[in-house]
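Input: structures, listed below.
One chain, chain A, links the two complexes that follow: it is found with chain B in the first and with chain C in the second.
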Partner chain A sequence: MVGNALDQCLKCTICNTACPVAGVDPSFPGPKYAGPELGRLIRGPEPPADNVLDYCSNCRSCELACPSGVPITSLIRANKAAAYRHKRMPLANRLFARVDQLGRVAAVAAPLSNAVARAWWAQPVLARLGISTGRPLPAYHRQTFRAWFSRRPVRPAPKRIAYFVGCYANYNDPDVAKATVAVLEHNGYQVLVPEQRCCGLPALANGDEDQARKNAVFNLGQFLPLVEQGYEIVTACPSCALTLKRDYPELLDNPEAAELSRHVWELGEFLRRLAEEGELQSDFGKVPGRLAYHLPCHTRSQGMGEPWTDVLGQVPGLKVEALDAGCCGLSGTYGFKAGHYETSMAVGQRVFEAVNSVRPDAVVTECGTCAMQINHGTGVKVVHPAILLREAYSRRWPRGGEDAIRASE
Partner chain B sequence: METEVLIIGGGATGLGLAWDLALRGINTVLIEQGDFGHGTSTRFHGLLHSGGRYAVKDPVSAQECIQENMTLKRVAAPCIEDTGGWFVHLSTDDPDYPGRWVTACRKTGIPVQERPVQEVLDLVPALNPAIDQAFFVPDAAINGFRLLHALAYSARQRGARLMTYTRAVSLVQKGGRVVGAVTEDQRSGQRQEIRASLIVNTPGPWAAEVAAMAGIRVGMRLDKGSLLIFNHRLSGQVINRLRSPGDADILVPAGTVSILGTTSVPVESPDNPTPSAGELLHMLALGEELFPHLHDYRVIRAFAGVRPLYDPAEGQGSAGREVSRTFSLLDHAVRDGLEGLVSVVGGKLTTFRLMAEKTGDLVVQKLGVGASSKTAITPLSLPERRPVSVFMPVRGRGDIKSQASGMRDVKESNQTYRLLDNVICECEAVTLGDLHAALAEAPDGDLNDLRRRTRLGMGTCQGSFCSFRSAAALCQSGKFSVERANVMLQQLVQERWKGVRPVLWGEQLREAEFMQAIYKRLLNLARLDAGGERV
Partner chain C sequence: MVNEFDVIVIGAGFAGLSAATAAANGGRVLLLAEGLGFIADLPSTIELMGYLPGRPGYVGRPWDELAGLIQYRDHPYAKIPARILEQSLNMFVETVSIMGLPYEGDQGQNTLLAGPAGVPRPAYLAPYTMAPGRVDDRSPALVVGFDVHKDFYPEYLVANLNRFRKVSGWGAEWRAAVIHVPGHAERGLNSQELAVLMRDPAFRRHVVAEIRELLHSEARVGLPPVFGLDAQGTRQVYQELVDGLDRQVFEIPTLPPSPPGIRLATEWLRYLRRMGVKVSLGFRVKGVTAENGRVSGVIVNTPARAGVHRCRSLVLATGGFWGHGLSGLAAGEVRESVLGLPVRLLAPPEAWGEDAVFRPQPFVRFGVATNAHLQPVDENGNTLYENVFVAGRLLGGYDPYEEGCGEGVSLASGYYAGMLAVSRGVVGE
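Let's look at the complex of A and B:
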């Protein structure tokens, strides 16, 4: 893949103008250099010894801007992986490459782990690990979503979905996952949650290709047989969706990964298709409110428009205004790393200002880390659209249904 | 001007001789009609031969190659990337050749190791998996531009006087011997006579022309070889096709690019060799036998060089690849009864040092000086690169961020300064500091001279961006007037275009359109104020 990708760049530089990081930090020479240019130089006899690769937040904005279709972010990640074959990977990168292992440990110890992460004496330790102390770390729940789901009775239904939960919904915000299940079940789907690991995106973004490939192989082994049985794969996390759709075929380079990618849906994308086919349950109750919608970079780069804007538009009473202010700056694990906090907040400034000028009741976005960043930058409450949909459905459901949903929580 | 030895021709042979004589303490002047390496010395693969290519047919050349290969890896190390190379055999090629080749290599002293085919396939995934034998040899990549500049720099350090853009217009004879040459500065048109005890004729393909100035016939066979430059390194090692030497069977990693070649076409004139479309398509087709997906890779440029083959039989003997690649030293006193003139013809870049040493031996013998060659034991040196010091104070705590952006923070007496050493050419990572260092070596240089010293504009975009950037930066630094910068800009763009034109397909065609949009439509290049000069 990389070979031909190196040849497509015309050097037009439009990617640099689209890069949120280069826009706020002039010491980053931009995606053109970090991707296609460095790709040629590191193969040469005098590879540059600079550390520009860590500037990339993996938001993929550059790829959307590129008129030549250069997979710039993929090239940057390949360069990063190549660099870490020769030098030691920073501790923070290694930690963040394994967010699900982190999650498992932190969840067992929650709420103590959350208190520790907030404690004053822990801050220097975090800093030593290369983790930014500028923002709160995501809190962990003692009962993960998957632990909760496994104790729940199976609800048979004719149509079937394999749900890819993702680390954030599983460990940090199980309610999003519960809402996803409720919405899918309300639309007549039986939800299956197979054994699964982190999608691998944090590992890829942190330069640990081997770890990412391991995760991809595991998840492929779990989900592909279900696809063959007619399941579609749905995830409520745009980054997981992007990774399964786009990175698995690149990373594994086999027909199985390509086949899997054709059956992966981001939840909003899936529901929008149901709506287009007239199959989306439209028994929404009224949810009055003025919301501002933030489009995550990883939804944008799936090239599918704004599915959630379309779906939420069907909920009576809900007024959704688009923020249209670009990248929030957190970009997965990026903004949690020491040295990236200021950059991350500077990138997010446009989003924060937009939120402050709209003054909505809440911000809605389908990305868990965007939600944390916007809440941190503005103090405004941020909700996942699945939670809004569950709310809308629950207001119309017959009493029994409403009880059922309450019992499920 | 007077000197002991005047060398005509500043390619590898001439500069090698200047270096050799400078080390022997002999007063030397060298003239070159263009920039160093204007002729053949920069128009090749960039391959430092192990000799393997010549082992079967031309064992003398092969032996010279392997000896020089080992010597140059010692004395010209900064100009060489010791990549190693492979000879790979395609199952469809002559099955008996590898056996004969290995025997010939053993005889000529070329170390050859047969290795598992899978090893080379793992290293070079672009290779045809249908190869059935692979041999590792000590081939290497040599940077021709850098080699010439190291020779020039080292020779100058030892007192040699080297003049570029200076052409010999006639040879002066007196009393049956050559005593000097009239030269012309190609830029100012100024002429002067250089008197010398001995003139050495080393202009490669122009050797016959120079000899003719003394009324002497030197039989040359000029043979054009064309080459294709690919955008990135398709291989980290040299790849040779193991068969009787033919077209398009060598790929060399040259810096950030790879070069595929060559062809062998007889030509009449040594001037401006250009690759033909037919040659390039022929090479791509042959190259695909070695690299099946070659058409998918981006070709950024094509160029051609002229091999100065010596042909004593004057056309009666064999042709092209059949002519020996070893060199000949012609003492015209012995050969033609004319004292004061020596010609060096034939040979190849890999053996330039040996040619220079043997010529040097003849020179000291003729001059009656007793000094032996030291080039085999004296390492070449290159000028040190100094960054441009454009300082600006930085508020707060400085931080070393990135080399690529050209910003480095330097602490000096309680104040942090940001050292700006901006990248001018992104494709080849050439900074403003590199340009200034090159300018110190070639004070009258134009942008093409700086390009040859820095690789400016030699990468993917072929100068689309760095041409105007470098012209502007040098103009801004006060080195050039606006008019001169404009002329240089036109020259550089024109020169880049020359090599792109033969390969206008795929991505490079889009790049060329983009480049035209920048220079013709946006900058109106043809009408820039050139102060009356025409390009």
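Let's look at the complex of A and C:
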């Protein structure tokens, strides 16, 4: 599906001008080479042995810049997968391709696993594994969101949502997932959390296409029957949303994946549609605050504008200013890898500078890894918009609603 | 939170950005484009009218010579009132100045700047980083390249310039020099990559020190376009070079990627977003909704579900063949990409191209037929959509290369289209 698209490339080089990594590191020849050009070479019997593919962070900025519709990032990922058929995949790639297995293990051992990840004696081990010791690894919660949710009584409601949680919200920041449920329930939805695996994006980005395809097949099997029963699929993670919308049809190349994708909504996108149809609960209490909004690359890649700016604009008291400073540089697992830390921080510099000049009460962004990066780079608190919305609702909610919040904490 | 705009602009080149800038003060504007426009590949100088076809040499005073183009009824300059053309240039000068990338001109005259191969090019306006590089100036210049730079050859450039000087009797003797860049020899670097290196203060000190060694009595130093990728960084590098060398310093454009174009495109889009324009790049417009001769919405090919945006007016600035506003040249069936508008083909297929590559190519003049208000028309001159306005390279009837008028036509038609769109077809005379 992606293969022939390299013929659309005019070699105009516009993609290179938009690449955040090429914008800070002159040793990366850029997406034009790593995608469409390497795409030709790599089909030969002896694929080139250079490591340019490792530079790509999978942010998809190049694709949005391409005036000729070349799926450059998809080509780069296909090249990565092809390259790893000839050479051994680095250990860090194999680990990061399996963030949900990692999460399951780390959650069981939490908080001990968090302490170990921070311990001085663990740092050389992490370095040997190819993991950067420059930044803290995300902390794990002993009680994952899905474990919490499964013990919670069902709250029947007429309208129904199947919630795709995503690894980050499930293992590392369950409160985002709890807030998502609270906001959806407040809008009259019964939330179902089916059995699910990692969306597969970390595997794709790390060159493990087979692992990604396995995850996609599993998730398709879980969610498609619900779509057929009239459920819409909502996720509060822009990268998961993009993967289900864009990568599943590309990866699986079947009509089922295309059908699934038509019913996937990023939470902000879903709420904005409710608002457009006059169905969003607007009983917001006042949430005073001056926030700076960071637009994640993977929200931009869905071509839906800035849904959260529109939705948060309805909350009284909240002032949201756009940072408009581009990619944060972390790009999922990319900035956690040894050798990428400096690049990742250099890319993020513009975002950090923008935050420091705005001096907001907090930064708001819907992407969990962008949040980690911005907090690491600035020390400023970063909050998911669903948490703000739950807060706004809680300040007006009748008694039953307040219980719901307390139960979620 | 209704997804409805006064004006939707399709296209992010000079014409699209100009249209969005013009419309931004008058209403809600959405800018859609399949990608970043080609500005990032261009030298970023503004050509208004550089040549008159059939007459050798350059045009010195474009305002006095425009009549030579306006005599052709289909030429965009024949449709755009002179007052609008002037306003569009003023708007551009004001806008880039707010963005921190001021442009300079010479009181309505063209200036001659060096092209990548040392062939002088007439420019009406040039960014402050290029304006001191006039080749019709009496002061000698040293042109400095980097040994790892793949796309810039100072000796070749200077040899051509000096040949021009001998023929024309203008200008002064230029001299070439190359400085060493440690590392990067294996692959070589392009202008964008060198601009990234220039962010490093230690590298800038190295560059200044090397050039100081090479300087004789030259009053000016020309470099490839590597000062920076945004307004702030460029200003800092420029100032450091001027202070460190105690000379005038200028950039000479070269092959893509073009940092002067990158900074113009980046800052202009940022400016538009600050003005409240919604910008969505990356997705092809796959069609429109239309009723009674009016376009009511634009359908965008976004992942999972097509995005639909409603609009009162539409500016079509999708470009020519290179920008995919027109397609089908090779197949012999030229079509306009978004609305399927009729394209005025000025020759039979066997005469579309000229064998000598550097001769004017007939297909370059192909474009969508419009009336004087830039509305698309059919073969009989009837307006096809009364709320659609066509701008930029999609317009036919001109040759930006032969006439040296590419940015001028795009800025002016974009501005005019933006004004017409936001005022729904009425711009007061």
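The rule is simple: the second predicted complex is superposed on the first by the 405 of 409 C-alpha atoms of A that agree within 3 Å, B and C clash if a C-alpha of one lies under 4 Å from a C-alpha of the other, contacts with A are read in each partner's own complex, and residues count from 1 in each chain.
The criterion applied here is as follows: contacts are C-beta pairs under 8 Å (C-beta built on N, C-alpha and C of every residue); 3 or more make two chains touch, one makes a residue touch a chain.
Remember, it's a predicted structure, so these values are computed and weren't measured experimentally.
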* Now for A:12: first (chain B), second (chain C), both, or neither, which partner does it touch? -> both
* To do: Return first, second, both or neither, reflecting whether A:68 touches chain B, chain C, both chains, or no partner chain.
  => both
* To do: Pick one for A:96: touches chain B only (first), chain C only (second), both, or neither.
  => neither
* Asked: Counting only touches as set out at the top, which of chain B and chain C does A:270 meet: first, second, both, neither?
  -> neither
* To do: For A:84, decide between first (touching chain B), second (touching chain C), both and neither.
  => neither
* Could you look at A:29 and tell me whether it touches chain B, chain C, both or neither (first, second, both, neither)? => both
* To do: For A:37, select first, second, both or neither according to whether it touches chain B, chain C, the two together, or no partner.
  => first
* Residue contacts on chain A - larger count, chain B or chain C -> C
* Given the touch rule stated above, what does A:308 touch, chain B (first), chain C (second), both, or neither? -> neither
* Of the partners chain B and chain C, which touch A:242 in the superposed model: first, second, both, neither? -> second
* To do: Under the contact definition given at the top, report the residues of chain A touching chain B in one complex and chain C in the other.
  => 10, 12-13, 26-27, 29, 68
* Parts of chain A lying in touch with chain C, wherever the complex brings them together -> 10, 12-14, 16-18, 22-27, 29, 63-69, 242, 245-246, 261-262, 264, 272, 275-276, 300-305, 310, 313-314, 322, 324
* **Residue numbers on chain A that touch chain B, as the complex places them** => 3-4, 6-13, 26-29, 32-33, 36-41, 43-45, 48-52, 68
* Could you please specify the touching residues of chain C with respect to chain A in the complex? => 1-3, 33-38, 40-41, 184, 187, 189, 192-194, 196-197, 229, 256-257, 262, 265, 270, 273-274, 278, 280-284, 300, 302-305, 307, 319, 322-324
* Structure fact -> Given the complex, residues on chain B that touch chain A span 81, 125-126, 141, 231-234, 236, 255-256, 296-298, 401-405, 407, 423, 426-427, 429, 459-461, 464-465, 507, 510-511, 514
